[in-house]
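Shared between the two complexes below is subunit A, which pairs with subunit B and subunit C, respectively.
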Partner chain A sequence: MEREKLNRFHIALLVFNTQSGIVLFTLPRITARYFGTNGWLVLIPVFLLVTLNIMLISAVYRMGRGKSVFDILSASLPRFILTPLYVFLWALFSMIGCLVVKQYVLIYQMLIFPTTSDAVLKIFVDVLVFLYIIKGIYNMSKANVIFSLLLLLQIPLSLFFLQEFDLVRLTPFLFKEGTDMKEGLLQLYGAYLGYELTLFLFPYAENNKRWLKYIHLGNGITMFIYLLVTFLSYGFFSHRALIHSSFPMLDMYAYLRFPFIERIQNFLFSLFLFSILHTAGMYYWSGQAVISQIFRRIPWKVIVFFSMAASILVGLIPKTLIQVESWFRYFTMVQLGFSLGFPLLLILLLLLQRRFKKHA
Partner chain B sequence: MRRFAILTAIFCLLLAGCSQDQRILERIGYIETAAFDAAPENKLKATISMPLVTQFAKDGKTTDELLETVSNSPKEAKSALALRTSRIIVSGQIRTFMIGDALARRGFWQYIDTFLRDPSVSIRTAMVVIDGEAGKIISQEYPRHTKTANYINKLLQKEFNKQSTPRTSLYEFSRDYHDDGIDPIAIMIKEQEKDITISGIATFREDRMVAKIPWKDVYLFSLLYQNLKQGEFTITTDNPDLKAISFRAVRSKRRIVISKGSSGGYEADIYLKVEGGVDEYIGDAKLSSAERTRVEKLVSEHISHEAVRVIQTLQHNRTDSFGLGKYVRNKMGYAEWEQTDWREMYSEMPVRVHCSFFMKNFGTYFD
Partner chain C sequence: MFSRLLKSILTIANQKPQQQTSHTSEPQTAGPLSLKNVLDEFRECSDLTHRTYPVLQADIVYFEHLLDNHKFTYNVVKPLENIRREELGALLQQSLFQREEDPSKVVRGILNGSAALFLPQGVYLVSAYGPQMRSIESSQTESTIVGPHDAFNESLDTNLSIIRRRVRSNRLKVKQFEVGEIFKTRVSLLYISEIANMDFVNRMSDRIQNIEYSAVFDGSMLIQLVEDFPSTIFPLFLTSERPDVAVSKLNEGRVVVIMDQSPSVIIGPTTVFEFFTSPDDYYSRWAVGTFLRILRYVAFVLTLTLTSMYVAITTYHYEMIPQNMLASMTESRSRVPFPPVLEALLMETTLELLREAGARLPSKIGQTIGIVGGIVIGTAAVEAGFTSNILIIAVAMSAIASFVIPSYTMSGSIRIIRFALIILSGMLGNFGFMFGIGLVIIHLSKLTSLGAPYTIPLAPIKTADWKDTFIRGPFWMFSKRPKQSRTPNPTTNKMKK
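Up next is the complex of A and B:
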């Protein structure tokens, strides 16, 4: 039987949904705080940087002719180097997956269940994440179509904000009253992270290069949503008000009122559970993919279970949103290094392997 | 697989037992209206009104619980009041914040903090300044109307939706408070004999109320403040051609143009395009004839003239409620705007209003 391949369009949605998530709620504030007036514009250059990074990933695929990244690594590097690298990556991905859930749960707790323990709420979500991952990457990609639709179907809601939207509030000033631009760039780049996991999808994608374009499509959808949300909130609040709003998008949701229902922000926020499910799922799945290279005998579902169990314990340490965010900051930096460094390392190895072959 | 599913279900049910966030309607008291007044020694007098759902209510009617205390902050007041009621007080259903004018003139941004911080408080909650004491109004019963909190809430929502006054909710107030080119406003109500009436608009400088636009000028204020889609207003003058005229379904468009005058200072031109159908007309002209244009011109002139008067009052009080500052700011470079003392400049800026009024129809009476 021919092996099932990931649909290209599913890959685009996979990338989109891994990238976007809870960051949408804070993104307008981050741009306003670090870049000041019209900070939403910075999303475009960061998008271009990410595009370059994705091109690096595509280059790995092209040069390696679709070989799995693990095959490329093990062809040139000895085991004693690879094992610590794999353990490191596994820990990194599992922790990011864990923190994504933790952050969501802490906001959820603040909004809806203020006195319920966040550990309990987190276990609820973790159970879902676990059930999601063990269906395997093909089924994840299919389920994710619906998850993504749930997010994308919220786009028409932006029409409701147009009534209060005022271009005059945007001001003609460019990046005035910002604070730390470098920090801002880091955070914005972090908002786009998620595309780098496509590195592990090589063996599951179709055998031609066409699907690589769909990574860009997913990234493009992400940028579109990010721009839409930040641009709208700049005109809806003005950048000075944005600075003082922890979750500008929640405030915007809170403004919505339908004839039949009011205060639907809690419902809409709950919809983001699916995005979180997918983001965390993808990171745990990638962690599993990496560590399976060391423990080949252990069934992968058991590995997922143990990675989640291990990260739950570590996830208990940060108690507040601010702590989670500062943890995130460090992980983002490491993940950034991975997104850039890992493809470069692979390309280098491929070049060496090619030369070696020629000489042999 | 099936065993796994059952285990998961049991697990989830067990976890659900850990939740302490139950909300049972009969056990909670949701605040519908919160009223704040100035108290001596920089303190705050808070009065809250909660409709109670009880199984022991007489003839299926609900009752309102009224509680009052003096404290340093709204949430301190809440905890003090919590000691006096059998219900768990929650803020999730607050519809109206009422602020007594003494407190409004003292400044109250510090008390707004909790309403922006508390995620259960809606940013659509109406902000109202009371002519007089806020606590007194909600503790009053108005026998000819529904229960007071509900009466005020419905009255305001109706007027906001009709666009006869600008909407002033927590969202607009905090947004305009933060923006540097506009000052916030709030609608004002007062007690009038046996009823409550909307009495005007409170205009603020930062978070301090500085002036009041009386009700008769509110339609002008609305025209200057926003684009109307369904307003209505009445004009009365001494001119025999225009003793009284009333419009419905008023649509208006506001355009603000900032330019540099010959002296180098900034000047503002406000262009108003207003159209509406005539509902009532007392005067000598015949609306079905060419005399209509004369009336239209009279109305345009009247609006322009009166609008300038309203603006001058605001300029005199140095409160920029229409957001002229936003337009001037966008005309300037950033450095220039930073150096400008906007309030000073605003108080002396020449502002002209050009209104063009257009009568869409004159109703079913033909004269």
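Up next is the complex of A and C:
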């Protein structure tokens, strides 16, 4: 039977769930700290920038007529350039995958299980991530539909905050009392990262170009969720209160009360395990996809295992949340460079290939 | 010396395949077709009947208990008693009498419920199969309030007739197989041509033909020999004792397998959501059907999560309990000497014991079990300080919720997951709970039934099918067959020529 192609809508949810994650909990604070009053509005221009970046990825697909990025690269670049590039990308993706889990686990330990070792929690998540990836991208996309729906089910909870929401807290000022806007932009752009991994989905997507629009849809869902959370937080807390709150969304959740249950922030934070699982899974999977180009004979599941083992070992170095976040900052910057530079490189190579073909 | 050894090894090697074939294929009879050889094959089978008609020089060999007495008397015994020798040739011309020359086929025919007639002219088989069977009764396991009440029984022929009576179309096709190396149980595969996808039909046929097992006793056993993932805890084929369910699935483009000696038919491909549907949904008004279906999903969530959430909250997350409930909860818990996970496992195990005991006992004693379990153990356990009131409520609610799920096999799978979730919640609270749910979702997403996704229409998303999955929409909305069937005729009321 023919291999199943990834459903378009699944790709949208793949993009959405890779993008959103822990950052959702800190996003209102980041916008308030770096952009000040009504900082949530900055999410829109950043979204537009990301849209442009996604258009670059679409251009690669269109120009290459659906060819895999590895085929494009190997058609023009020699092996001695490609091998270090692949190793570099593998290390980058695997480390991001590892740090996503580590950050989540450290926050979880800090908030809920202060006496439990983070290593114990991390082992559980890593096992889950491993089991998730070895099912293959098609089954990952199916599981992710359920994960995403479980996460999106939280949207109606926002209705409960409307009572406490006050437009006065938004203030009529725009971007006052902000600090380092450049750093803020970097962090906000970093919050949208995850869409660039669609570069590796080319061989698994439908053969027509329609699925490319669904990357934008995924990005749109992310923006909607980000806007909803930050906007609500601004109206719920005010921007000054947001600066002093480590995880504004969790604080907001803490106000929720139901007849049988209350203070469900811990439960909802646990639910975000599914987001972390997918984000880490996608980065590890992409790392595997890249390094498999070098080690073609080794089964891909073995590669996943060793990639995870290696990154987990390196991930043991940062001990505290602050250290992990500073590592993250560097990796995010490199990843940003990748998401802009890699499609540009591929477009350049495709143009050169086209020119050579004409001359030939 | 060495040459002798080599020779003996070679003879053993040559004998081996012969032994295997005699084990796996038709019964091999030694020698030519004769009454003596056939009787030799059935030596020590004291239930075999052998009658002789000296005037006609005829012998009849058969198993009386496999035959329909009426058919046998009127088709075989009476004609042979009243016929003259010269007229015998004309009688044997009837299509009822099938000439056989292969001794193994004669043996197989006798085993299949034919009478073997040995005459000087040759050997003839007369089919008069019709053993005593349970009559058509209503189903004990899948009872409904409205709708038809007839259910399948253990006879393949009766079951086929029940389906043929409903599907009065020549498009209903039946493929016949035999399963079990020794028992050779008859299996029929049913599908409606031009509605069922032939990929599923062929896949199922191949799997049935490739079964290598000495004996298969029931449809549920057959499922485990043909399913895509034998190690999963989820049922990958739907089973039903109800003909209306089987027929409705045939109409959706599914494949139905009926096995002789089994009252439940196998339906595939199936989805995890089909285990939460009941024929009642379709016989009630659509709003009522929708309500019932949503109720079952709520029951599913409750049965899966209630006890494990109790364990997670009372072990790690006391802050989640509202203040007005906290006092009664802590008071109730304060007298219990065990950690919540142990307390919950104790109660859940007791409940499972009661359930299992109730299932195996005659119904009159079963009621006593209910009283002993419900009143004596339940009340006494709380009074003795073995368990808290709240846990009793949680366990009882999750038990009631589990009874709401129409499929017994799915209910069994959920019970196992529930135990795993309780242990995980006891270990790591909400985190452990989510870990367990994550594992189940990842596992579910990889499962397929006859190669079709098990979690469709949720993943892959097929929103068009949601109206008959999460709700039971009105019939005018059901113009398309489910996507999972991959049918060549997706529209229900129009058939392509």
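Convention: the second predicted complex is superposed on the first by the 360 of 360 C-alpha atoms of A that agree within 3 Å, B and C clash if a C-alpha of one lies under 4 Å from a C-alpha of the other, contacts with A are read in each partner's own complex, and residues count from 1 in each chain.
Here is the rule we go by: a residue touches a chain if its C-beta (ideal position, glycine included) is under 8 Å from a C-beta of that chain, and two chains touch if they have at least 3 such contacts.
The model shown is predicted, which means the values in this text are computed figures rather than measured ones.
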- Is the arrangement of subunit B and subunit C around the shared subunit A a clash or a fit after superposition? fit
- Message: Touch test for A:104: subunit B only (first), subunit C only (second), both, or neither?
- Response: neither
- Task: Figure out whether A:328 sits in contact with subunit B (first) or subunit C (second), or with both, or with neither.
- Result: neither
- Task: May I ask you to decide whether A:277 touches subunit B, subunit C, both, or neither, giving the answer as first, second, both or neither?
- Result: second
- Does subunit B (first) or subunit C (second) touch A:40, or do both, or does neither? neither
- First (subunit B), second (subunit C), both or neither: which does A:169 touch? first
- Considering only the touch criterion stated at the top, classify A:112 as touching first (subunit B), second (subunit C), both, or neither. both
- Message: Tell me the contact category for A:135 with respect to subunit B and subunit C: first, second, both or neither.
- Response: second
- Item | Touched partner set for A:244, first subunit B, second subunit C, both or neither | first
- Message: So in the superposed three-chain picture, is A:257 touching just subunit B, just subunit C, both, or none of them (first/second/both/neither)?
- Response: both
- Overlay on chain A, subunit C to subunit B nearest C-alpha distance, Å: 5
- Query: So which positions on subunit A get touched by both subunit B and subunit C?
  - Reply: 112-113, 116, 124, 131, 257, 262-263
- Query: Of all residues in subunit C, which touch subunit A in the complex?
  - Reply: 199, 316-317, 319-322, 325, 428-435, 438-439, 441-442, 444-446, 451, 453, 455, 458-461
- Item | Complex contacts: residues of subunit A adjacent to subunit B | 110-117, 120, 123-124, 127, 131, 164, 168-169, 171-173, 176, 236-238, 240-241, 243-245, 250-251, 254-255, 257, 262-263
- Task: Would you pull the subunit B residues touching subunit A in the complex into a rising list?
- Result: 8, 11-12, 15, 18-21, 92, 116, 119, 122-124, 171, 174-175, 177-180, 323, 326-327, 329-330, 334
- Task: Over in the complex, which subunit A residues touch subunit C? Could you list them?
- Result: 1, 7, 9-10, 108, 112-113, 116, 121, 124-125, 128, 131-132, 135, 139-147, 149, 257, 259-264, 266-267, 270-271, 273-274, 277
